[in-house]
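The two complexes that follow have chain A in common; it is paired with chain B in the first and with chain C in the second.
Here is the complex of A and B:
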């Protein structure tokens, strides 16, 4: 792939003149707020200060995805989130001397599947290495990883970015995937500062991880966040990882540098352990801005490891010991090379349980998010950006398709009700799709009432609100109880329209003078009068008819 | 009966000539009587007696588990034994009780073997004397043999026992001494650079290092994972085949064991020696070799020649680089393997509690001896990013050349290589400790470590007694996974040389006297 295709047009400028000196202090939260306001006026500010040379940022990601498997990468211990501390620890996980790693086939398959989904070349032979460092939750004193020859290389991850005023313009981007390597997770340390002790939980120690290394093809937090989101959806579609960031199944390290376009890349820093989707873009943008500020105020960037502090909203340099060190890599002597097969090289005499067949895994790949989106657009005629929203929310596609199956309404109209109204409620109250008080079947029933002309669209919204707050009553029942059916009686409607016209003489006059727009106000008044029970089309017709019949007042 | 081979005692047990409990008691008594050898770190008397009782019940019911049922064996103290302290002769693991059995230990127990104890070694098997463990040096039983003592008496300068007692070689010195002094019928050692063959040679017993990948390492506390192989120490070649039959084969817990099915075998008695081709690697005629060893070696070659075998001089041109290369790879893996001993999960933990780093440092300083720490230091140095190419990668390349050396020789028609096992026979402890561990290992592993580098099977067979009446052993190196061929040659040689039995009459009589008094046993 040509590198130029990946270029980024975003330009960064110095954020402002405030002091970033001691980032560990709480005031740096304020700085971030200031910084974000300065983004918008950046070019103006920079221009005034004669610093109009823009900055470009370069962002690369290393993403650790926990493999979804019953047992750990090299031991038979179960994998389970939030189990009692140290309840899922085999002798190997506790690094008892003499224990040996035995590779979990399921983890290998997960990595191969992920590699295939990310358009990687799968290495038929890959190797394991030991990476050494002392840390309390690294029980063996080394991590088994794939340093020399990883399982998958040279892939790519296409993703899309919503841009434009209303975030409804889609821009396609691609980030190159350098490699995917299998490795062990570490345990967890719990530091008890008052008791001056560290507690270790080895439940997570040895759980299989896929480290996905992405080339520095991104240029801002938003792009990185979009790429990570796409990866997350792919992993979830494959089932190779649950990729739940809140449960630590997806952890992001970002390599960040800034430079002036046309000049060599700057010194990069690594922001470690960004474990929240919400803060991913923020952490990266903060670091970019910090580097720009540092450089513009005559400072230098150190090749260091930094952590993002969620509470303070800034990145902080980590202590040296946790940062750069010599890992003294060495081949893992207890694991023979990992050999994978394809249909051609498959040994005939070996049981299929003992070999991993790349071709077979390729055939079994499920639809990836991009394919799912294309299918949604094609099948239902919805907008591409709507397909993104549908995929982005867990369970929303199923919700949408259940509604479609149970309603006569055109999917293009249905999508609006789901994305604007239902999703609006869900977001506002932070509720998951599957926990929605408005079930897809009840929504379909409501949309059918609307579609068949039983109720007006504004009445439908009222019903929807009642459904959101209600106890699962059917929309038909709500309509009946609240008497929200459209007024079918033409005389009654005419009567109401007349009353409205009588009460709004000024408006009537305006219309008659040719200001047709004012008619909408009258329609609205009728709607209010009828609590949404009138069909706007019929009302418009009646009003127009009555306006013609009514004699025009002579101007004095 | 005590001097019987494993096969003989197995037959005697089957016939009911001796009971497992009697046998076990006798052996435990012998272990007590030879305590001064320091061959055992822990003697598992209670467990052994219980196992013996269970075995006896099986025999009574005619439900023998296998050839080893009721037979006392010993295990080097770097194999994990469930519920039994496993120390690696190090402060670091004093008091460490593994919750699981090494696969080889489990296989022995599954056969009904009686575990009488855990044998002494150099700390973490790093050494060639069995002198550098935290429980003190192992004494070579030959120091107390009538053969040697008589020679010492004639030479007044070595008649002082304190000055004349000999080292066993190492690092499996405890196992070799145990087999040699009749306190077990067979013992497990480990062999990384010669740790089974070297003490076997100095103690006059058979020491087999099987092909890498034939026997599971699961539960063996590693020295160098890519070279470690459980070793087998026995009093004759047939016994090592019996043990190999029990221990060999794929283990799902050790991914480096081969998948191919392993077939236990008995060694055929007669070999058509005229079909045999013995290779004599000329590079093994190294400076520092004693003239006696050289003489025994060439005599052995002559023996084969006389019997009609083809004896050819061969070249293993990279032999001289082997030991240096071994040291680099060994140190690197040691540095890595020892990283787990941080005092957190198990083993020694220092009381230093200023910080986690301080705890690590103090724990490791207190837990490891100088030899171990020296290897960790150099290993980490070799693995540093700036040194990795120069040392580790280069050593790996040399290792490849050494492997190719052997491959070429074997593909040229040579069946088995014949070499010395050590430069000379056992030396007195006072002499041995004049040199440091590193220098000693360099000299003592000279002939043995290449087989580990290449993963080949090799066996020490006692060949003759020296001028001072000390054992001199020779080594046979075979093709990978061709243990049958290797042991067949070794057995033929063993029969030819008729190596004398160690005379430990004083000790044996003592035990016999005790048991006579107790009237607890009557041996035919």
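Here is the complex of A and C:
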């Protein structure tokens, strides 16, 4: 799969062996230098045909975020995930005749807050429209949305990616946000293939959505995934959406096309309903590679809607979306324009309950993820990429800060223990931070034992392992029970060192002949002998002293 | 000339302002019969059935559709030159904002009374948006319609 190894320096190539199962992991983000070298050698060997000319991919996203509110966008029924079917449905949600929409103030504020956080211009006047399509879970036959004049426009979403060999270089990027529109969610259909029928649950019908439309500023799955992750963190920080993909609160559609650099954009396809963070990058990269292969084998790309099949790892044309749909947009006659105010234009004779004040919402914006990261870097002196990892895991910042507050250890050292060791265990066993068997206070206690020289770092790792598997025993107790304290007794240490030297005459001779590196091996032997209970620095001193004292022996 | 005008008006009435319906761009959705009345083309009927999953069933159903369109077409005779279109007669009013409180719900049983078919607490619908088969493979009266003197020639 050499060909796909150079995804995202905006150069894509035809995949050598196109394999449906595992194409989708192009290791993006090799350095630009490497990519262009590859390009040159490839074009040299390519010869007459236009093959192996690099491709550039263009990715745009439309993201539906469910607004976190008590009640629905236009009705007073409850918003709740996984409630009994059709229990959260008002007459309006079921579009019974004579019902009318009444706009939820909270949903408007959520959209304005999100718009502000995404650097948008908030439209002081926005309009609602009907978008018609026929589907059993859309009772009215139309969705109320904002087609002509959405609530927020012209924003931007800065995000960062880890690149480089060890994923430790941060690259900053920005994607433009075209608009944010308020709209209704649809109900849910459960397809019963055997019974040849569809079961309809309207609990979700009418829940408020923010559709965030992004400009096609991304070029691969990894970029799109990073942008979506940043948006998710922003929405969660604002509280405007819980943005949990598994519960469908954040749903991503991707528009994808490929072209040769310098030429016009290609025909795009839309990959619908990517509902898993894990498969987002995969689905997009699969589709890019599929289009390239299609074009290079002389085919054409149809402007069609495709779905990503998680099991097969590929995208499939959706038959029911064939052809361009005609939504017959029309103004929603039951809703006058939505007017927002700022400090200057506040009306005097209107109840404050009827006024959404943009300036006030701006003032109330909480710290966004980018600000939180900058604060972490500044306050604790940690690496920027570590601040990303801290923010990416739910609850990890709180964990980190609790540890910091309870330990004398330098935060720069603490972060290593948390990100490498604790997070390593959490990931390995797929455990959430808040369910970690190693509590922040116990970890702090362990780090204090280490910092005060009670135990060595390798003993600390042993204790950590016991803590992970253990029943909440304190590290001090574990150290005592397992006798992991550093050997303080100088005589005992000297004795052990002497024994190790006696057992490793060859190494001792080598050191005496000037190969100082072999000393490390002896230190390691002492560590093994003491099961990590010796301090490498004092062991080194003792060994050096003893080497000087010891007369050179002849080999037997 | 007249036929062209009729088709463009009809399209304006029946399709979005932004453009043509899928698959209809090359075929006028209406044609005129001998007596100056518009007839819906087979293509349009097929498209509507496909979109709405509604079966027009018989010639009577089609005639009712044609009459409805004819009725709506009266709107086109109104002169709106220089008149700014309105969204609604309420467009100068304030949009009332509701507090985010739960005030409705928990009447699944009552709602489901309206439904023809239910299963547990679900509505039952025909299989959703599984596209209709091609006209030739479908058991519909459109299929059986034979072109006759006052019917349109089939233009597939």
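Criterion: the second predicted complex is superposed on the first by the 505 of 556 C-alpha atoms of A that agree within 3 Å, B and C clash if a C-alpha of one lies under 4 Å from a C-alpha of the other, contacts with A are read in each partner's own complex, and residues count from 1 in each chain.
Here is the rule we use: a residue touches a chain if its C-beta (ideal position, glycine included) is under 8 Å from a C-beta of that chain, and two chains touch if they have at least 3 such contacts.
Since we're looking at a predicted model, the values are computed, not measured.
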| item | value |
| --- | --- |
| Superposed partners chain B and chain C on chain A - clash or fit | clash |
| Contacts of A:326 with chain B and chain C, given as first, second, both or neither | both |
| Which superposed partner A:136 touches (first chain B, second chain C, both, neither) | both |
| First, second, both or neither for A:127, with chain B first and chain C second | second |
| Touching partner for A:190 - first (chain B), second (chain C), both, neither | second |
| Contacts of A:200 with chain B and chain C, given as first, second, both or neither | both |
| Which of chain B and chain C A:473 touches, first, second, both or neither | neither |
| Contacts of A:335 with chain B and chain C, given as first, second, both or neither | both |
| Which partner, chain B or chain C, touches more chain A residues | C |
| Partner chain(s) touched by A:99 [first = chain B, second = chain C, both, neither] | first |
| Clash-bearing segment of chain B relative to chain C, given 127-135, 163-171 or 397-405 | 397-405 |
| Residues of chain A that lie at the interface with chain B and also at the interface with chain C | 91, 94, 96, 102-103, 134, 136, 196, 198, 200, 326, 328-329, 333-336 |
| Residue ranges of chain B in contact with chain A within the complex | 79-80, 88, 93, 96, 98-100, 102, 217-222, 224-226, 252-256, 332-333, 335-336, 338-342, 344-346, 353, 356-357, 360, 380, 383-385, 388, 392 |
| Residues on chain A engaged by chain B in the complex (per definition of touch) | 91, 94-103, 130, 132, 134, 136, 139-142, 196, 198, 200, 321, 326, 328-330, 333-336 |
| Complex contacts: residues of chain C adjacent to chain A | 15-23, 51-53, 87-88, 90-108, 111-112, 114, 117, 119-131 |
| Residues of chain A touching chain C in the complex | 69-71, 75-78, 84-91, 94, 96, 102-108, 127, 134-137, 189-191, 196-202, 319-320, 322-329, 331-339, 350, 353-354, 356 |
